[in-house]
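What follows is subunit A paired twice: with subunit B in the first complex and subunit C in the second.
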Partner chain A sequence: MSGAQPVCLPVGGCLPLAELPRLDYERFSRLLREAVQGGARVVSYFARPETDGLTLYAVLLADGDGRIALLRTTLGESFSSLSPELPQLQLFEREIAEQYGVRPEGHPWLKPVRFHAGWTGAPDVWQREAGRHPLVGDMAYYRVAGDEIHEVAVGPVHAGVIEPGHFRFQCHGEEVLHLEISLGYQHRAIEKILRGGPHPATVYQMETAAGDTTIGHTWAYAQLLESLAGVQVPQRAQVIRAIGLELERLANHVGDVGALAGDVGFLPTSSFCGRLRGDYLNLSAEICGSRFGRGLVRPGGVSFDLEDARIATLQQRLKVLEPETCGAIDLCFDSPSVLARFEGIGTVSAQDATALGLVGVAARACGLARDLRQHLVPAVWTAAFAQPVLEEDGDVYARGNVRRREIVASLALLGYFLDQLPAGDTRVPVRELAADSLAVSCCEGWRGEVVHAAITDRDGRIDRYKIVDPSFHNWSGLALALRGQQISDFPLCNKSFNLSYCGFDL
Partner chain B sequence: MLGRIVLHLLVLLILSPLLPGVIAKTKALFAGRIGAPLLQPYYDLARLMRKEFIFSRTTTWVFLAGPVVGLVVPLLAAQLMPFGGLGASLSFRGDLVLFVYLFGLARFFTAASALDTGSSFEGMGAVREVTFSCLAEPTLLFALLVLACGADSLTLNDLLGPALAGRWHSGQAASLALIAVCLFVVVLVENSRIPFDDPNTHLELTMIHEVMVLDHSGPAFGLVLYGAAMKLLVLGALLVRLVLPLQTGHVLLDLLLLVAGLVGLAVLIGVVESTMARLRLPRVPQVLVGTTLLSAFALVLVLR
Partner chain C sequence: MLSIVRERLRQGHRTGKFPKVEPTLSDRFRGRPQLHSGLSPQQREQAVAACPFGALSQGEQGLRIDLGRCLFCADCPAAEQGALSFSGNYRLATRRAEDLCYSDEVYRLADALNERMLKLFGRSLKLRQVSAAGCNACEADLNVLNTLFFDLARFGIQFVASPRHADGLMITGPVSENMRSALLETYAAVPEPKLVIASGACAIAGGPFRGSEEVCNGVGDLLPVDLYIPGCPPHPITALDGLLRLLGRR
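What follows is the complex of A and B.
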């Protein structure tokens, strides 16, 4: 209880709040800084009003050892911002400022994140009118001045059927000097709705936190409840969850490679991958009746079993899909005219990626071994998962190639899981949640890590629920990747990240 | 002469929407899809023409002038061009210069109507279109000069007349082959095809030609599409005539030959679009400077 070291927890673990020492802010920030210098990164950072005042929680994870470190401190009306030293905290601090009206002093980029009214009724940091919903996107954008500078505004309504987001480009001719991204159009206040939960509707809300990461978010949510309830999920259910997760990864990665090809006008791969994506979605539907995996993962296990006949169907269909997928994708990656468009575009350096705390595909494309499947709790991964797929260059090609290689790896994983499905139950009941406890759960969704954290009150109800979608970290990476690029390459860079708007907006 | 004018107009008005249809069908087959019907562009035009005109309050008459001029220009330019074996209906000394700059006029009005909307996208597209066309223009002029040197005339009718077939068997064959390649590039650039532009993309930031007509809708957009199809036919006819300079003397057979050549060109464009990715935008001027040099070299070969 001395607080000389952060309190550690295995991934997917649970801790009584009383065991987490309350540090003063100075010591908190020193430990945080040391941990990050030691190679850890902040995976979640959130505040909660408590009797002692607004309490700030930091959840850190060191890649490679799979242990989660926790810190907590109490905040006053303002606190000194850590973002100048640790840029990966900049969005988290802005978020806390927006939710609780506390000002991170010295924050270099203090702007609203999701444009909602404060949660506690405290005065707004930006002096926006109280009691009314703020206008989304209403903030001071970064401007570049000069005769030959022009500004291009894109969105929030786009030409394609995509989510709303606003992009401001400061351009010199065709060159982008700066891109600022403003989101928040799809804010649904999921975290706020969850207070006092879990409610009957909660699991459906989790499935749609980011609709394309249904399995990822529901897995993290289920794992969180299981660790709070102290329930062990049967092996068979874990493997079925893993099958669902890999199918989700395959469908999205295949769709992304096709979309990348479509953006550079390379039609064959674009068309074939569009069709193949549908085939993978149909495999999910084969398991649980929903192409997006809705209804599959539930706290305590899964709600659909895989009979031998269905396993055989899946194996048979995968056998046909595998060569088709590899053929369609190789066609694109073997075309010089496509490579000329992918290589050297939208580069993010490993240094910037580390500083911004990028995760998932975008991080692995910069050579950072950030893949939570290395140390997820279920033992299914340790047996089957070999190595994260890494690329060094950090450009569009690297992000595309990470996806291409992960598709191959996922197909192998799926084959293994379908072969080795252990016998047993698929679901156990989840009853009372531990009171006054903190739990953190993680899942490597197709886009990157999904981290959920929850604190229960003294009745074992959820008092604070925190969701971190990979997009939350990675949007800043996209903004950075556009510096000095051609504005005509923006759609391609954007597609290579393919981030979620609603996963960010929550 | 009146008969010729009518025949040229009929060919242009009736056949032109077929070409985008053929291109789309070729691309669909390459992608393993069935694709839209061959006659889809006709249906699209009919649908657009039935809609009402909608104009933004911030636009002026210039906004409509773009589509109208874009439609009239190919109609005029077609009269100067021999369509395959069918001679030009209007012909005078130096008409090739008029031919080239009629398209310049259309471009001026399209760009002006894009700027008229005040949208940042459309302005960006206008800048790109004008830049790339500037660079494509010398290629077209050099190519016509090569033909003019051989024919010893300055009318398109003579340039592409019956004598053209004989020149393929003379020492000029190399030059003609070079300008045929250059003209193919010009056809792709001027008609905003891959690898220079992507007519099917929905991404405003990458568009060149399409972004200039984003605000046009209904019949105005129909005029834009119709004009574009006719432009493709007129420029395509130039290339087809150069590569297939056969002449039977029979009007119907000549017409058939022209149509076969145009459909062949459309298929070729479809194949190029299916097998290539788009060029990066900064590469487009480099390619166009390259074709200019190539066509200049063809001229040197003829003059030496």
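What follows is the complex of A and C.
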């Protein structure tokens, strides 16, 4: 194998590791750069200690055809950082530095990501004391100096009923010059405890990797095991998963639009959507007994079937919910006072979004056609999914409006799926996983793409598991959106992204 | 303005009737497990070994379950072996950790606070919520209590923005190593007397992350807990039922 080109894989595919050439770092970075110039983006980037040394894997995806490209190389104690040229790698490189104690030389923003001790016992890149748990949030923050410059620190415990994180604003009066977001408070070591798995507890840890994206993460996990085991999931199970995924999207999008309205003091939409969100969660509970879709998706299929009577109930309830949802949401988007607060706030340019590798709602609000539902494996999608919903302006309004339009599209998709549920089994057994293989799986969760990758050892156990939640890419987008904004607009901007803390912290 | 009024009329009055009227839950809702009797010692042993979270143990009168550890899994291996089945009973909250464990029908639901505490908090309870590595499901379903269907404020209960304004903490998540000191500091900032509520399997005993070196396996060893609300996540009705019991309203 020459290694002149990256090795390709379809979404949800799997590959024996021996077929993936080990490139030298120079060639690896050249191919990576070329792929990104050619329109691909990095969806996962992780390291694994191997007999040949610490091995770095890059997973690229081209949105046009949905092909996945893979590259690997070996790292020494340090390597030359690619972040200055490819900012979308900056967090991935910091993550690898934190986990394995290798230094990305020339990284412009080399700070800890999750504040945990290294995984291998290698010396810490930040010279933090060995044998002690690092102090969360202990790092050099970016400071702006000058007359009348002040700093505002918020969190980890916030005012609302939300997850913890730390935010530092550098302000001049009301104007935010820079926002730095420091996370890690939610770190539970999910990837680390998965080694040697799958364990009996693993699927439940996937369901709670980001609890509001239960279906998205469990789908990616299930797809990964299925491809490693060479199992085809029955059509009926695929459609039931799709129903779960769209219900998850609906509940969260409806809740988000309500929260956006609430943040600008438009209470009718805020109250109506708060109730409607619960009604969509109850539809998930109708299917699997859990409002968050717990227990629905399992490797090999789904654990609940939909009888005709249940389908009819769902259809009937959706028929009532649809006009109520659209009515509640349109009210806010038809109000000039609301639009005046949404438009031109928290803008991210398409250029910055591309450079940072934003995904999901935040990317589509900048006009980037990034929606993995275009390429998802089950044929049900290709039949039903039209086009990604795109907006151009990249502001709070655009992110809100992407959600509004996706709510309508999701309702149509759900109607189609419930109408066309194919007959057949809902689950097939998943047995041994292929040994010494690499698999990548993706799912378009409600926030954006959820990408999982796994490498098995020679016994077919999981040796390295990598989770990329959409929030991993998008927190940088929020930081950028705040530049030049008033600090009082932070809640609104934050809500318009609505990112996951635990999905980032893992 | 007219369109707002028109929409308001269409949306109607949606405040729920709970606790006067019992809620209608999905027929697939998994509530309090019922342990089955008549299992052979070997079957019991298998059931105990099958739960990934150690919720089952061998008791004197057969199987014993700890709802603080139970995640109410849809594919509960012990249920598949016939050791238990899930009822539709959403009432789960208790005052003491030992009350979460049972081996027969007797399950001691939460008692009301003592007279002094009831006098203080019975008609007005302000809680500061702290998520300590919660996955946002517990948090989201507590937030739901503020929506117009549950309308928590009608019971005099409110989530407040500062621990200084609070009568107690409502804690979710297994308490990550990285949240431990922030949680303890928040607790210290709440004026005495104060309450601690552990909501969800994670906060009670670590939930799916029990045993990870990065979590403290819940609040138990760190703070005195006054109310345990089981579930992964607890249904909002379960949480509301627990809060009302604590305040002597049920």
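By our rule, the second predicted complex is superposed on the first by the 506 of 506 C-alpha atoms of A that agree within 3 Å, B and C clash if a C-alpha of one lies under 4 Å from a C-alpha of the other, contacts with A are read in each partner's own complex, and residues count from 1 in each chain.
Definition applied: contacts are C-beta pairs under 8 Å (C-beta built on N, C-alpha and C of every residue); 3 or more make two chains touch, one makes a residue touch a chain.
All values derive from a computational prediction rather than experimental measurement.
When both complexes are superposed on subunit A, subunit B and subunit C end up sitting side by side without clashing.
Looking at the shared chain after the overlay, A:S81 reaches neither subunit B nor subunit C.
On the chain A superposition, the C-alpha centres give an angle at subunit A of 60° between subunit B and subunit C, rounded to a multiple of 10.
Residue contacts after overlaying the shared chain place A:S410 against neither subunit B nor subunit C. Using the contact criterion defined above for the overlaid structures, shared-chain residue A:I193 touches subunit C, although it does not reach subunit B. By the touch criterion stated above, A:R341 is placed in contact with subunit B alone, subunit C being left untouched. When the two complexes are superposed, the chain touching more residues of subunit A, out of subunit B and subunit C, is C. Shared-chain residue A:Q485: touches no atom of subunit B or subunit C.
In the superposition on chain A, A:A159 contacts both subunit B and subunit C. Looking at the shared chain after the overlay, A:P268 reaches both subunit B and subunit C. Superposition on chain A places subunit B within reach of subunit C only down to 5 Å, the least C-alpha distance between them. When both complexes are aligned on chain A by C-alpha atoms, subunit A residues 159-160, 268, 271-272, 275 touch subunit B in the first and subunit C in the second. Against subunit C, the residues of subunit A that register as touching in their complex are 114-116, 133, 136, 156-157, 159-164, 184-190, 192-193, 199-201, 204-205, 207-212, 214, 255, 268, 271-272, 274-275, 277-278, 281-282, 285-292, 294-296, 298, 303-304, 323-324, 327-328, 331, 334, 500-502, 505. In the complex of the two chains, the subunit C residues touching subunit A come out as 3-4, 7-8, 10-11, 14, 25-26, 28-30, 52-53, 71, 73-75, 77, 128-144, 146-149, 159, 161-163, 173-174, 176-179, 182, 186, 202, 207-209, 211-215, 232-233, 235-236.
If you check the complex, the residues on subunit A that touch subunit B are 150-154, 159-160, 174, 261, 263-268, 270-272, 275, 335, 337-338, 340-341, 345, 486-492. For subunit B in complex with subunit A, the residues that touch the partner chain are 27, 30-33, 120-121, 124, 194-195, 198, 200-206, 273-283.
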